[in-house]
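Paired with chain B in one complex and with chain C in the other, chain A is shared by the two complexes that follow.
Let's look at the complex of A and B:
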């Protein structure tokens, strides 16, 4: 069963076509990698699927809900971790988790035990009362991810979740993604790190708003494919 | 859901090193210091006297002026030129010239003239100074006439005296007029500025987007932003009423409940205005400039400093769109005249209108997605 379906999704900003007629389907439990250079339109595509941005054309369903008409239902069934760290810096670790748990309707009595359990699994119990602003970036990312899946969503959207941290920290982050996938959470992740693409079950590569390689199963070296496609790109991020 | 959001808002507020102090210090400063600073009663007008008569009459006139308390004799010159020089050097504001033979003319011919010349660079000071001085002179004139008529012909001169009866603020104290209006200014800042800046700040941090991917409804989210500031609004109002009572000795003649009722309506409307601004501003800088522009306009149109009736017709018409105007009227009327709800129906309608308009606009213009 497909939990995410995109059909001819398009997003225009004036004359500029950020996302150009893309279509794909993602199965339940998959780790789907969405690759592309900076500015290729990955984030815009993801924002449409999350109900943060209205598609200019095309259709999509997420967790069985229409992204255009039922965006609020979509939101109740997904988790989202943005590219920019977006937890409250002036709240403590447990307070941030409690806030998001409460918003997603986790029953009041279950919240605190679940937070303690989670922090213990992460080896993070000692930081329970630390202000989020005082955490190193790697930990902030793990914490945002944990908050995004705290309410056991069907799908979690991760937008370049591991930007700016060292390879070993990235590796540990991917262990968390695998744990989530084992619990049956579908993972939709954008990245431009080729080694990360190899952790995915399936990848798509986006170039200039279009999907160039679809449903790509690890054949050629990812790096070779990406280099070939990215060089053709006309949009340039710098 | 709202409960968790409110918990977060209050924690963030009290952890902010600046905001809790602002909510206490701002009203205190505004109510303790502003009424003294923003005072249009003119005292210490520097007077230059050119007394060319040097008679008992001229001396008693100068004494009378000095005794009034409004004037300070800054300069005594023997001719007008010298006196003018002292005005030019900013030593004096007004010149009183008593011509030679002042007393003689007054006694013999029953008439004499004096000249008052005022420096009108500061129009208010010049105008009011001249008015005060004329008042003292006409009083002096009456006394002289009484004396003269008694001494010479004992004629019964019909004596017409105007006794003004100042209602509601018998001593014409400026504080009494300003304090209720300053309360409104403080409330506008706390309940309009702070929530707007709070939301724009979350926009900048990216946390608002994170909220927008959650199933929180926009109504709940907005309510969680406004409720805390409504609570702080009441705290601020209560602090203000306390300062008005204990420092300025002002207790509303009318019912306190009426004040709280109208302030609630005003705060509802004005925080809605703040929300509208926050929906259109992309960052704090834009929000600050928008708020600054509108609040300044609202204040100048509100009659806080200058009476609305003094404005030209077109400005009076525009002043109707300032929510501050209505609540300032209400507070002044309840404080000074003891008005009740039945006297304040137009203001009630206006404030309800503003609350509906701004909040409706705020909810319509808030987008969870672009």
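Let's look at the complex of A and C:
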């Protein structure tokens, strides 16, 4: 069963075609890697799927809902972690989690026990009352991710979730992604780190708004494929 | 609502925001209000007396006897008036026409002219009102002592040099209230929403199933609450510290203030829905709202004295209407019918701005 379907999705900003006629299907429980250099159109594509941006042409469904006409239903079934770190720096760890849980309509009574449980799993109980601004980036990202899947969405969209941290921190972050996938959450993740493609079940590579490679993961050639494609790119990175 | 609670946390935890919200209104009302409460004591005045009779002497004595005035000297002819004021020694000049007493006795009426230095309108108005009441007192005394019971009328003719209409003086408290409310509502709301846009948190909230109207409401409620607290503080301060009483109905005052607060919040929303950056929002609020309020709302300069073009612009400033309404209710003690026009204009503005900003509030990112 496909939980995400994109058919000829296109997004134009004036003359500029950010996303050019892309199509793909993603199965339930998959970890789908959406690779591409900066400025290739990954974020724009993802925003269309999340209902944050209307497609100029093409169609898409997420969790069975039309991204154009039923964006409110789509929103209720997904989690989203943006490229920018999007937690409130002046709120404590648990306050941030409670806020996002509340926004996503997690029943009031369940929120606090769930937060405690989550922090314990992360080995983070001692930081419950810490202001988020005092946390290192790696931890902030883990926290963002936890907030994005707090309400047990069907699909979680991650936009460059591991930007700016070292490889070992990145690996630990991916452990969390795997845990989420084991719970049946479909993961749609964009990245420009090639090594992270290894962690995905399936990847596609975007170059200049188009999907150039759509395949099951093949470890040996991945890096070379990407290099070759990236050299072909005409757009400057942002 | 958790989202609203979070907004309160933002406000309380940011020291500068907190300072601005709590200390600024107090500071402003005290700074501006100081102008009103300045008691005038021993102000220098001069006399131009063309009659030199019993009545004029009586009035001069009375003026001199009061705490407020000290006689600087006599001016002998009208050509000296200008130069006396130029020297800046006196704040008030009292002129009696010829045959003052004779006219008073014969016709029951006499004229007296008060000329005040309007460069400082607050002082000038205070001086004039003090002098007028002293003259009235003398007049009553005269009427009472007269056996025939003919009421004598001394008509003080007041002339203000340099600032003839004398608006502004009683505007201070209403004006400051108008300014504080727009500052807190419009500026803080727009800055707090653009901050979320900048931080990227708005993106995450927009992806959530939370309805946009609820997002806006929960952003606005904390500032609404704070505005009401501020309104209370400012009113308490003006009544108890500045002795500016609320003559009219308190509830009417609160009611029109609520209307004004809603207009200001809508303005803040409008700004934040058009602008992406905090700094731009701040600048637009400061330059686009606060400056015109200070300059054009009648807070500092009377609207009637402005060039026609600016007078037209002034009509579009909500604060101008609010200040008039507050003056009518708070200072003059008039009822609802007197501020009906202001109420209609403010509600109309609020409705229009709110509609535009709700329409413009982007549920999607582009």
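Miscellaneous remarks
Here is the rule we go by: the second predicted complex is superposed on the first by the 234 of 238 C-alpha atoms of A that agree within 3 Å, B and C clash if a C-alpha of one lies under 4 Å from a C-alpha of the other, contacts with A are read in each partner's own complex, and residues count from 1 in each chain.
As a working rule, a residue touches a chain if its C-beta (ideal position, glycine included) is under 8 Å from a C-beta of that chain, and two chains touch if they have at least 3 such contacts.
As the structure is a computational prediction, the values presented were derived from the model and not from experiment.
Judged by the touch definition given at the top, the superposed model places A:103 against both chain B and chain C.
Once the two complexes are overlaid on the shared chain, A:88 sits against chain B and chain C alike. When both complexes are overlaid on chain A, the residue A:51 reaches chain B and chain C alike. Once the two complexes are laid over each other on the shared chain, residue contacts for A:1 go to neither chain B nor chain C. On chain A, the surface touched by chain B in one complex and the surface touched by chain C in the other have residues 50-54, 72, 75-76, 78, 80, 82, 84-91, 95, 98-100, 102-105 in common. Across the complex, chain B meets chain A through its residues 1, 3-5, 7-8, 11-12, 15-16, 205-207, 209-217, 368-370. By the touch criterion stated above, chain A contacts chain C in their complex at residues 13, 47, 50-54, 72, 75-76, 78, 80-91, 95, 98-100, 102-105, 157. Contacts from chain C toward chain A in the complex involve residues 1-3, 6, 9-10, 13-14, 199-201, 203-210, 364-366. Looking at the complex, you find that chain A touches chain B at residues 50-54, 71-72, 75-76, 78, 80, 82, 84-91, 95, 98-105.
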